[in-house]
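Labels run A, B, C and D following the written order; every chain starts at residue 1.
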Amino acid sequence: MDFAYSPRCQDYLARLRQFVKAEVEPREADYHAALKAAPWQQPAVMEEWKAKARAAGLWNIFLPEAEWGAGLSNLEYAPLAEETGRHPMLPEIFNCNAPDTGNMEVLVKYGTQEQQERWLKPMLAGEIRSAFCMTEPGVASSDATNMEATAVVEGDEIVINGRKWWSSGIGHPNCRFVIFMGLTDTSGEAPKHQRHSMVLVPLDTPGVHIERMLASFGKLDEPFGHGEVTFTNVRVPVANFIAGPGRGFEVAQGRLGPGRIHHCMRALGAAERALELLCQRAVSRTAFGKPLALLGGNPDVIANARMDIEQARLLTLKAAWMMDKVGSKGAMSEISQIKVVAPKTALSVIDAAIQIHGGAGMSDDTPLSALFAYCRAMRIFDGPDEVHRRVIAKIELGKYLPKSH
Amino acid sequence: MDFAYSPRCQDYLARLRQFVKAEVEPREADYHAALKAAPWQQPAVMEEWKAKARAAGLWNIFLPEAEWGAGLSNLEYAPLAEETGRHPMLPEIFNCNAPDTGNMEVLVKYGTQEQQERWLKPMLAGEIRSAFCMTEPGVASSDATNMEATAVVEGDEIVINGRKWWSSGIGHPNCRFVIFMGLTDTSGEAPKHQRHSMVLVPLDTPGVHIERMLASFGKLDEPFGHGEVTFTNVRVPVANFIAGPGRGFEVAQGRLGPGRIHHCMRALGAAERALELLCQRAVSRTAFGKPLALLGGNPDVIANARMDIEQARLLTLKAAWMMDKVGSKGAMSEISQIKVVAPKTALSVIDAAIQIHGGAGMSDDTPLSALFAYCRAMRIFDGPDEVHRRVIAKIELGKYLPKSH
Amino acid sequence: MDFAYSPRCQDYLARLRQFVKAEVEPREADYHAALKAAPWQQPAVMEEWKAKARAAGLWNIFLPEAEWGAGLSNLEYAPLAEETGRHPMLPEIFNCNAPDTGNMEVLVKYGTQEQQERWLKPMLAGEIRSAFCMTEPGVASSDATNMEATAVVEGDEIVINGRKWWSSGIGHPNCRFVIFMGLTDTSGEAPKHQRHSMVLVPLDTPGVHIERMLASFGKLDEPFGHGEVTFTNVRVPVANFIAGPGRGFEVAQGRLGPGRIHHCMRALGAAERALELLCQRAVSRTAFGKPLALLGGNPDVIANARMDIEQARLLTLKAAWMMDKVGSKGAMSEISQIKVVAPKTALSVIDAAIQIHGGAGMSDDTPLSALFAYCRAMRIFDGPDEVHRRVIAKIELGKYLPKSH
Amino acid sequence: MDFAYSPRCQDYLARLRQFVKAEVEPREADYHAALKAAPWQQPAVMEEWKAKARAAGLWNIFLPEAEWGAGLSNLEYAPLAEETGRHPMLPEIFNCNAPDTGNMEVLVKYGTQEQQERWLKPMLAGEIRSAFCMTEPGVASSDATNMEATAVVEGDEIVINGRKWWSSGIGHPNCRFVIFMGLTDTSGEAPKHQRHSMVLVPLDTPGVHIERMLASFGKLDEPFGHGEVTFTNVRVPVANFIAGPGRGFEVAQGRLGPGRIHHCMRALGAAERALELLCQRAVSRTAFGKPLALLGGNPDVIANARMDIEQARLLTLKAAWMMDKVGSKGAMSEISQIKVVAPKTALSVIDAAIQIHGGAGMSDDTPLSALFAYCRAMRIFDGPDEVHRRVIAKIELGKYLPKSH
């Protein structure tokens, strides 16, 4: 048992922090100003950052497959992901932002050579972006088998129909395609989890229509955005199936494991940043003759935040270690655990930081309300808390109930 | 002891609900559409609603002074305030929105006849609006004696300087004046709570400048808005003091009691609406073969929401009853109690409703994130939780510690 | 709406407090010393107290039926019940202790004249005590239909078999009979809730055997005790049915409503006493140069306790008011609500008081661990939290789901 | 970073579990029966277990110093300590129970050769036991400088006076001496933390009087017990100082670090056992037609317990790792963190297990109420939560405040 990060991880971490400090922070205001002026365009500074990050060897660091990316293990990448949670624009700089990471991972694992040439390579190069279309407005998506959109085979084409929303990243000017998930076996003959497929759909295919961009807790998250999208008799070749028809859930499972670790570590990075801001504010403002830091229950708030973050981080790192050792399936309980724990922890710390900041914490003068919105959404996307708790309990009870229930 | 609302209260409540159902809800979409098209203009429908509400005798119902308003007690108005918390635009319809209510109350109690003629009467008529400038960006406003802005007497003028923010309502096209609070006794000779004054400042006085409108958890709350305002050598006649120089804290105390009850009841109205939306969603959506309402811990969520709301409402009503019986000072602990309890309760219920709604709960398709933002801000404005807990503990310990500490 | 106690209630309350101060507290140590010397015998001082309480008109004050008891409404009795929660021996002094109160209530409502003569009158006189045998060790008693003990009719006798536990009060030297609940319709032909009966069983009937007394969180609660009892072919005449065979659940429902209000108010009395002890300790002990009362988060602890108690008390009083106005059935949600809220509140306050007391709080030098044990048990007896939350949610959802589910 | 236990740790863990299963569990009932018959005598079976454990090489495994004990690191011992938390009698079997472990550690580090011969060696052999006398009834012991008992030098003797309580283990028939802490520099000239001393006091020294044994949440914890002890002009030679006069706090600090890890891991062992009992009960009992395990919010309870335990264990293991790497001082925040987190976690899980068990959970038929009492006390002994949170916050804020405060 060893709680120290590996030397390779430490090296990456030091370089990434140095990069953020030297390259990103001095131009952060430029980025926001550009977005304010043109919310749905790529700020020029982002492409500069990306080029520099790539040159600095801080590129595709999320990808454990060494032939495609940095070849770091999930456990080694986790602390880097945490670091990128501190500022919302950081993941894109290192080509490590959702949902592209998940989509790249899927194409690495399940993509045909042709799919990899056409879609994966430009993504790995940071030239194009993508979205993921799974959640639907009309049903409870916490139970993914509720999905109603269809991807039916007609001859050598897949015909796609349905309405999706929370398709994140679809507003980005560089977004070129989506991975769409829908029902292929409309007869209901196949087992419940073998009826759906994932399909590559170029964004400019006729019949694909972005209806609107959704605000999430008041934020549109430009330039990425969260789209509501309709698919009306959209036709793509059957070669656009990922891994083949009926394998949608199988692909989704593989896709979500690492993504959950990334999200959770970013949430903890957000929590660490919130705690820093909290402490800085608490030592610099005074009320009733004392710095806020020493007033009433504030030290308890700080102590609780520290304890919660430490615990959630260790659990997330252990989940990453298990994923490296025994794979997503063997780490299923741990991954569900962190998916509940990390955003809860982050929300609690961010909320405390908002409170210490008073009105400033509510405003856009601090990143706190944006971090809150991101972590609050995390309690819903990629499986709501309720579903993850159910999974954890089922695995726990499995030790006592020999048969499934 | 009697837990039934008075017949007069019940009558008002029935009429108000009927008004909302018959007049407001059918045109709610018009209101939002108008605001979307012109965020900082008064939608025409609002003026129509106001006229109808006035005609229906549902006007200035917050005002216990019968010569100026409806003459309902705080206890009788409280359930009506709750009702207006269900939709954010309702309070204005009945001329019962903050901060105008507090400002009207102040002018009723402390205004000179001239002040009442010029400012109070048009407000009571719903012709003009106002703002309240107390919180400052540069200091911890939880300790109001930190206030740095000044309102100094020079001859027969008051010279005002300083920067205020979270001046709510200042963006409204009908806003005509602010009540400004600042330091008058810059010598520090007067007792700590007798150095500040409240001053009436017409919005068009030279030197008053709205720097920007602040987003609160991503919401600008148009057309009211929350402004950051600078005052640079602003000059108004000494006749614009409210109650006289040095009486700012005295006036503030009287102002805040009823206002806190209004805010708390509105928060509980928001909570009731969230619980309704939660239940409606929970019975209409299905996952894993069951309505969400019966799934896992969801019944507990609903039960907890019901218990929390019931308790918070009873406490708030009791605080209103005490204010009627023994005044703001005698009800000080109860008022601080509800100020902590009501938004906490509302936030917990609204958050649960967001969770049940999934992505829809995060979006603007439901009012939930706006209600959350309002109630979250309430944990900060009019005294943060921390200050109110301090007050409650001090009063509680006062039973055991004969002397103050 | 009126939050003041009725004059009659205030009069009783003042007299009861005076009685406790003048008569009980000076001899409390005698009571405990007697019990320590002879745990399962009635201390002489208790009989003296009872005689004095009766003489003072503070007797059977729980009983709303004026022909049998004080004739106070549930709402008027509630604050008196709260007062008796401050010391564990108080309820017996006023002949208001569980389970005798519930048993007396049952006999008042459902008893035959013969049953009333033989059992009710001596109980009302404080001459005998009783127990209630419902919970069983072998099944989940949260679902009362799980009950396995039987009360089968054979000719003109009822034959009783089964094992019961947590039969409170059965260890008291004055205990003379139990009310036993068991399955009469073993055929399962009657509807699920019409198969069980309540039966009066004299404690000295052959076949009744107290197997052992149970400790509850380390306390035996002498001289009352909680017994595990076996019934082996116990025979009593059919005249011992209460309300007739198959009406067990009907009687149980009526029995439990007022009892839950009594328990909840006592829990809040325990909470108030704990808060008093907490504050007294907090102002009298010093650490790090300050009284504990002003140290760190302790004022928050005190404020939270005050808010929680106030809310729980108001809710409980409202439930009592509803029971008076619309009966147990109409107040079903409220009664379930307080059954969850009151012990939870009390436990939280008592736990905080233990913490402030340090080791003393854990020991028997303060009443805190005994009060904790009582309130912790309350989350289980008379329906566990889980069942009550279920009831509350069902009623809440009933507003949205026209049919039962 | 590696989350697997070391091979040596795994070997010990396997052997310890096997020992408990093969040797302890079959005779657990004998142990309790012997204690019931003679609460303050050593059950014969305990001495048999001890002999077997020693023969099996499972002896003094807590002691990192290889020349005296097993030589396992704190990190390696931690999982073994967890295992011994499952049954209250286990630590003694392996000679690893508090306060003997702390006292042995102190004598290993600070004892003179003579002290080691006379006291340490028989303790390491399991022949004698000891107690630790620090906490006092008359002051807030959370601030140890409040201590009022004295250990003053007169010639070549130390004269000891004062009253101590919660001297755990002092009731054990094998207890032969106590380590007493008291004020030596009564002049107050030395710095605040250099005025107190630790002194070895044989239990049979004239003037030492055990006044009574204290119940902790209703449990006397026989045969160890928690004593209240008076010291009246007790005289021992100056050779009985540990580490010399005035070094009491220095020794105490070194003593408490490992002890806190042991306690926390035992608490987590208790939590794991509670969760096992909870799950076993939940799958074996039925209500409303379902096993409790699948009913309502129960799966959430199980999931929450699993998440909380995992996190608390990882944090505790990390604290142990830090203690091994950088010592008690460098691990100060982490040790304070686990001291807050571990008992809180355990209490929450145990409480949930009690609830699922219903009345059985309150009774002595399950170990739950005893485990609860142990973990509840842990929130007070070795520094209450409040003090540890203060430490954590101070260290956290130290990153932002260059100077101490």
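The rule we apply is simple: a contact is a pair of C-beta atoms (placed from the backbone, for glycine too) under 8 Å apart; a residue touches a chain by one contact, two chains touch by 3 or more.
Not measured: the values here are computed from a predicted model.
**Q** Check every other chain and keep only those touching both chain A and chain B; list them.
**A** C, D
**Q** More C-beta contacts across A-D or across B-D?
**A** Most contacts of the two pairs: A-D.
**Q** So, what's the distance in Å between the C-alpha centres of chain D and chain C?
**A** Centre-to-centre distance between chain C and chain D: 37 Å.
**Q** Centroid from C-alpha atoms only, then distance chain A to chain D, rounded to Å. What do you get?
**A** 43
**Q** Using mean CA coordinates as chain centres, what's the chain B-chain D distance in Å?
**A** Result: the chain centres lie 53 Å from each other.
**Q** Could you list which residues of chain C touch at least two other chains?
**A** 296-300, 386, 389-390
**Q** Tell me, which parts of chain C touch chain B in their complex?
**A** 1-6, 9, 75, 275, 279-280, 282-283, 293-294, 298-300, 302-304, 306-307, 310-312, 314-315, 317-318, 321-322, 333-334, 337, 340-341, 386, 388-390, 392-394, 396-397, 399-401, 405
**Q** Show me the residue ranges of chain D that touch chain B in the complex, using the header's touch definition.
**A** Where chain D meets chain B, its residues are 296-297, 299-300.
**Q** Write out the stretch or stretches of chain D touching chain C in their complex.
**A** 135, 137, 139-143, 146, 165-166, 214-219, 285-288, 292, 295-298, 354-355, 358-364, 369, 372-373, 376-377, 379-381, 384-386, 389-390
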